[in-house]
Each structure stands twice: as C-alpha cells, then as structure tokens.
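Some structures are shown below for you to check.
Paired with chain B in one complex and with chain C in the other, chain A is shared by the two complexes that follow.
Up next, the complex of A and B:
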C-alpha cells in the first residue's frame, strides 16, 4: 500500500465516527472536506480487492458469484471476455467494490486441465483472496487434493512469498442437496439431523485435506447453498475479512439478512421496519 | 463368466448392482465406503451359465486410497469378461475416469465395456415424468447430450468404446435397468471365454 492510499484509508477509518468527521470539516472547511470524501470513495472503488473463485467443474462457482453479488449491483460486465477467466467488478451494498474472477472449473479432462491450470498459475498469484468452492453432495476429494498440491498452493505461495495460506477461503456449496435430505424450506435451514450430516462432512473434508492445507479447521469451512441463498452472507463476511489490507475498501454490512427468508417472513420484517424505524 | 463394475466414488455403482441383480451389497454414505471387492454369483435371464458380479471401491476418493484401489483393479480386470463403467449423469469432472483408463489400459485390454449414466431422474431440467416413470422429453435431450459428452471424454483413452455402448438409467425407479441387463447379457454372450 502506498502512502497516499494509507492516508486515505486512515481518513476513511477516522471518519467512520461522525464526531471525527465533524471535527475534520471544521479544520479543513466544507469544500476541502468534501473533496477529501470524494477522494476516499474514489480510492475505495479503485484497485478493489481481488477474489478468485476456483474449484472443480460443476461445483457451482458461477452460481455462487451470481447469488453472492446481486445482479443489479453489477458495475461492469466482463472486463476480459476472451480469456477463460471471467473478470467482473461488483459494487457492494454499503459501498466498496470487489473484483471477482470466475475461473474455469478443473478436472473436466486431462487435455482441458492443461490449458486451465496455466490460467490458474497466471491469475492466482495476483489475487487477494482465493475462494475454493467444493460440492457437499459429491465425494471426489482425490481430485481436490491433487488440485491443491499441483496448482493452488504453488500459485498462492508465489503470490504472497510465504508458505502461509492465509487468504484461502474454503466454501462448501450445495449443502441442501446432501442425503438424507431434510431441508426446512420455510426457515430455509437444514433440520437438526441434516445439520449434523453437514457438520460431519466438514470434519471429513478437513481430515482429507489436512496433508494439503495444514491448519484447515472444520469451523473454517464455509458451508452454504448458493441456489437457496443459505449462509451466503456468512461467506461474504469471511471473504471480506480475508481480503486483509484491502478489506477497508469493503463494507462490513453486506446483505439484508432477511432477503432470503420465506416471503411471509420478509413481508413481516418489511412492515415491522416501516412501522418502527420510519421506513 | 464375470462382470466388473467400476467408477468414481459416489457414482451410484453399488446401488446399480443391487438393483440390477437383486443383491444387498453395502452402499456408501459420504465417508469412504466400499473398501474391498464385493462379489456374488447371479443368474441373468437368457444366460445358461451363472455370472459372477464384482463391485469395486470407487476411485478418486482420496490420494491415500488411490494406489491401493489401482492395485485391486489391476489384478481384477484381466480376469473379467465385461466391464460396466458407471458415472452419474451430472458431473463435469472426468479427469479421474481418463486417468483410470490410461493406468488400466493393459489390464482392460480388449475386454468390452458398457458405460452407464446413473441418476437420470435428476438430470436437468429436473422434471422427471412421475406418472409414466420415465424421463421427460427435456431430460431425454440432456441424457443424449451427456452421452455424447461422455463419449468425447472417454474415446481418446478407450479405443474399444462405441457411442452405442453408453446407456442410462434411474436406479431408484428401475427405469433403464432392463436395457443395461440386456447390454451385459449380449456382451457376455459374445465375449470370448477367458477360462
């Protein structure tokens, strides 16, 4: 981070409190304070934190991206359409921009992987966060182990110069499809027995990947369902936290937690807010 | 005669074997399941001789188990008269199948192969015809497409496989099982005896 950026970051953090903001306005005058504010929001939108979404083919990377970032918040379309890695920038609720790279899925075939792994080696060292998506109702962990060993870990080490894999986020998608399927559609939540199945699966994955990703804890596996929009907000918070130095460019408050509830619950919340919070 | 069932873990091999031959082999959950070969002698309608069915542990489950499983397949495959290669009709991940075909090319030799796509009832657009107990027209289109896709993935690594050897089924509903049995019967009848 250069000095200018760290100055703007400092101002941003300082002015999160209204009091500091007023004090600064007194010292600088209204016009300069306004300019500074513009600079800060501009900086928050430039060089946004980069997240690469990776994993085997068919695990739901694109669905995850589409549902993690509401379509209407998209600020730009594919920045690079010719490559197999699709770059997009999304404006987030609460300000800030995230640069998301939808990577091609691995494991489709030996010939395809030759091409795709090259793209991984090129893109991964340049990102702030790697989101590795897995699929809960599928068991081909041998392929994930191979991908970590051969592709992901070497590329990430190259990126941050140390052996530590701190900006890796593991997501477990499609938990709603696990068997025995006991999904409470009204609460959009697994029934207790299914929750146990999901927890066991997280522990099993941790055990399997222990050789490849040392220190991966079952609690740090972000399980979710992109289709059902279940726990996507939790995943978002994890991603923002993992963005590290660049995280100040992102909002803490990412999504309306009631957005994905049953329609009648949403309706209740909407009414309650209208009556109690003045809209 | 002997027929072996192979495929990635979670592809629905064991459920298929059980449904085809009325067996009770142990099926998997999400953790490792079939660690050894499961064998049974069965009768296939239209075949005078009994047939031995062999179910194998699924591959690509983990790098730790893979070597052990490969050794198992290596010693089994030269002794079988037909191979049924099972894959679910959804996944797009076929690298493990290709790697297995490469590693096992010698063990497979000229042995005939049927490829079965399982879970046809859940393929997109996911509108299985419950009343008729068969795939919707849209699902049939997807299945044919997926058969072509699987053929393209397998063909470079398996010279013996023809597109007509790719069949599909929905195990829990029973749909398609008769076609698979007929494929196995015809293949075993035509296969040269291995002794």
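Up next, the complex of A and C:
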C-alpha cells in the first residue's frame, strides 16, 4: 500500500474506530498520532454525531437507520408530548454514541402535527444532518412537499437565510417495490430493466421535488431500498456531503447487500473480495 | 475463480456490482478524511498545532485532498 493510500485509510479508520493504525503511526509519528487519537475521542465524546430521521409511518425509517449505520441501539426515549417521536442513542464501533432523533412525518392529525412541528423547530437546527425518508412514489409527493415548505425547511433555516439547506437529505426508499417488479433475488439486485426504470422515475421525482420546494437541492435527494440494502453507499455519500465538516463523525458501516443474496453468490463475492480487496 | 452454480453473465454482473461498491467505498473514505482534515483546520486552539504537524508530514497530498471537497 503506498503512503497516500495508507494515510487516507488510516485517517478513515481513525474516524471509525478511534484508533490510529500502524500505517498512520508510521507516517505521522507516534506522538502526533496519539494526539490525533485523543482529539478525535474528545470531540466524539463531547460533541457526538447527531442525525434527525423524519418520515411517515411505514416508510422504513427504522430499517434505514439499522442498515445505513449498522450501529447498536442503546437507549430510546419518547420526546415530550408524544409517544411517537424518539431520541435514540446508538453505540459506535470506536466507542461513544450517535444521537438519532426519530421523528414521525406530519399529517397524522392536527393536534399531533402541532406538537411535531414544535419538536422540528427545536431539534432540527441542532443536528449535523437531517434525513427525510419518503416512499419513492410520485403519487405520495403532495403532502411531503407541504411539510418541506411549511415546516422542515423554515425550521432548518433558523438564522441561516433563505438559500439552499445543505444539511438536508431526502431518501427515496422502497424502490424495490416499483413496477415492473423484476428483483433478482439470487443476486439481490434489480434486473437491468427495473434498474433503468427506478433511476428514471427517481430522477423525475427529484426534479419535481427540487423544482417545487424552494431550498431543496436536487443533489440532496437520493434513492435506495433499506429492506434490500440497495444503494445504501450512495445514500451514505449524500449524507456525508450534507453533514459537511461533521461528516467524519458519522458511522459508515452500511449493511452488506450480498448477505441477502443466494449462498453461491455470497461464496463468489467472498473469493472476489479476498483476491481484490485483500479480504 | 469459477462457481458452478453461476453463469458467466451472472458472474460478470456481480463483478460490476463489486466494482461499484469499491468506487463508492473509496469515495466514502476520501470524503470522510477530507471532512476530518477540514474540521481539524477549523478547530483552532487545541488542534492548531496538531493540524500543522499533520500538514507538514502529509504535505505532499494534503492540498489535493482538501481541495477535493472543500
């Protein structure tokens, strides 16, 4: 491994495990590497990553959190005034926790909406990144557009002017349910025709959402399937971009889609990775 | 590296998926490292001296990495 690769991998591993690798120690020297470890641990302990996940019941918020971060839920308590909004703490591989504000979408009822709107306004300005999960279905966009325009974006713009809201990511989930439903269960991947349809229709949804919701950037919208673990890395990359300089604190252990493939596919993948990725 | 149950077309598709996975992981690593280094650059006081040390040691690719995303 060359010095540059060793440095980058070492820095990445440090953000995930909290430990400096031998390669990084060799490049930076023991003392500097130790200082970096201390600083990273201190920052994670005093200012842990904070993510808000918003979405209506049934859109797959919990599966998204579980498969995107592969972190272990340690604590969950309901936020005041509601039994549906939760503050959750997930344990991280390198120690410390990630805070997740798990919020229902609006539209369940007028009284509940008022409580949720207040929680949005209180919590959203404090988080590193907001993931708004919705089902990738054009017919369901109307209510979400209203929620973005009237509640989510104004809450996030607190003291932030009226431009694009960088910390917001919209995840279009459940693309595996789109027609024509041609999901190859052996490979755990859509057939080419379905993949093309998914990409085209999600581009249309993205264009429509970004066009009709001022402040929502097209590059902040991505599509995936949490159930099938499809395009989780793509969603992670979008989240990293949205989280800006705080992105290093997010866990990056997306669930492996090949674990859901047929055993012979898993075996092929295992061998390929061993030969091409050093394990 | 042949697996009897897989056709060559299936193997080819899996390899394409794995190569995309590789590209995505590299992007995740680059963006994460870039975010950490940018955060360090801003974390004055405690981190300022450390930032300078790392920059000196890894200076040959430091600017290139930072300019990728920030």
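Note that in this section the second predicted complex is superposed on the first by the 167 of 279 C-alpha atoms of A that agree within 3 Å, B and C clash if a C-alpha of one lies under 4 Å from a C-alpha of the other, contacts with A are read in each partner's own complex, and residues count from 1 in each chain.
Basically, a contact is a pair of C-beta atoms (placed from the backbone, for glycine too) under 8 Å apart; a residue touches a chain by one contact, two chains touch by 3 or more.
Please read these numbers as outputs of a predicted model, since none were measured by experiment.
Peer 1: Identify the partner contact of A:115: answer first if only chain B is touched, second if only chain C is, both if each is, neither if none is.
Peer 2: neither
Peer 1: Would you sort A:178 into first (chain B), second (chain C), both or neither based on which partner it touches?
Peer 2: First partner only.
Peer 1: In the superposed arrangement, which partner chain does A:210 touch: chain B (first), chain C (second), both, or neither?
Peer 2: The answer is neither, since A:210 touches no partner chain.
Peer 1: Who contacts more of chain A, chain B or chain C?
Peer 2: C
Peer 1: Could you tell me if A:8 is touching chain B, chain C, both of them or neither one (first, second, both, neither)?
Peer 2: second
Peer 1: Chain A residues touched by both chain B and chain C?
Peer 2: Common interface on chain A, chain B vs chain C: nothing in common.
Peer 1: Across the complex, what residues on chain A touch chain B?
Peer 2: Chain A residues touching chain B: 56-58, 105-113, 138-143, 145-146, 178, 197, 200-201, 204, 208, 211.
Peer 1: Where on chain B is chain A touching in the complex?
Peer 2: Chain B residues touching chain A: 8-10, 28, 30-31, 58-63, 65-66, 90-96, 98-99, 153, 156.
Peer 1: Per the contact definition, I'd like the list of chain A residues that touch chain C in the complex.
Peer 2: Against chain C, the touching part of chain A is residues 4, 7-9, 11-12, 14-15, 27-29, 32, 35-36, 39-40, 43, 186-187, 189, 233-234, 236-237, 240-241, 243-248, 252, 262, 264-265, 267-269, 271-273, 275-277.
Peer 1: Over in the complex, which chain C residues touch chain A? Could you list them?
Peer 2: 1, 3-6, 10-11, 13-15, 17-18, 21-22, 24-25, 27-33, 35-40, 42-43, 46-47, 50, 53-54, 57-58, 60-61, 65, 69-70
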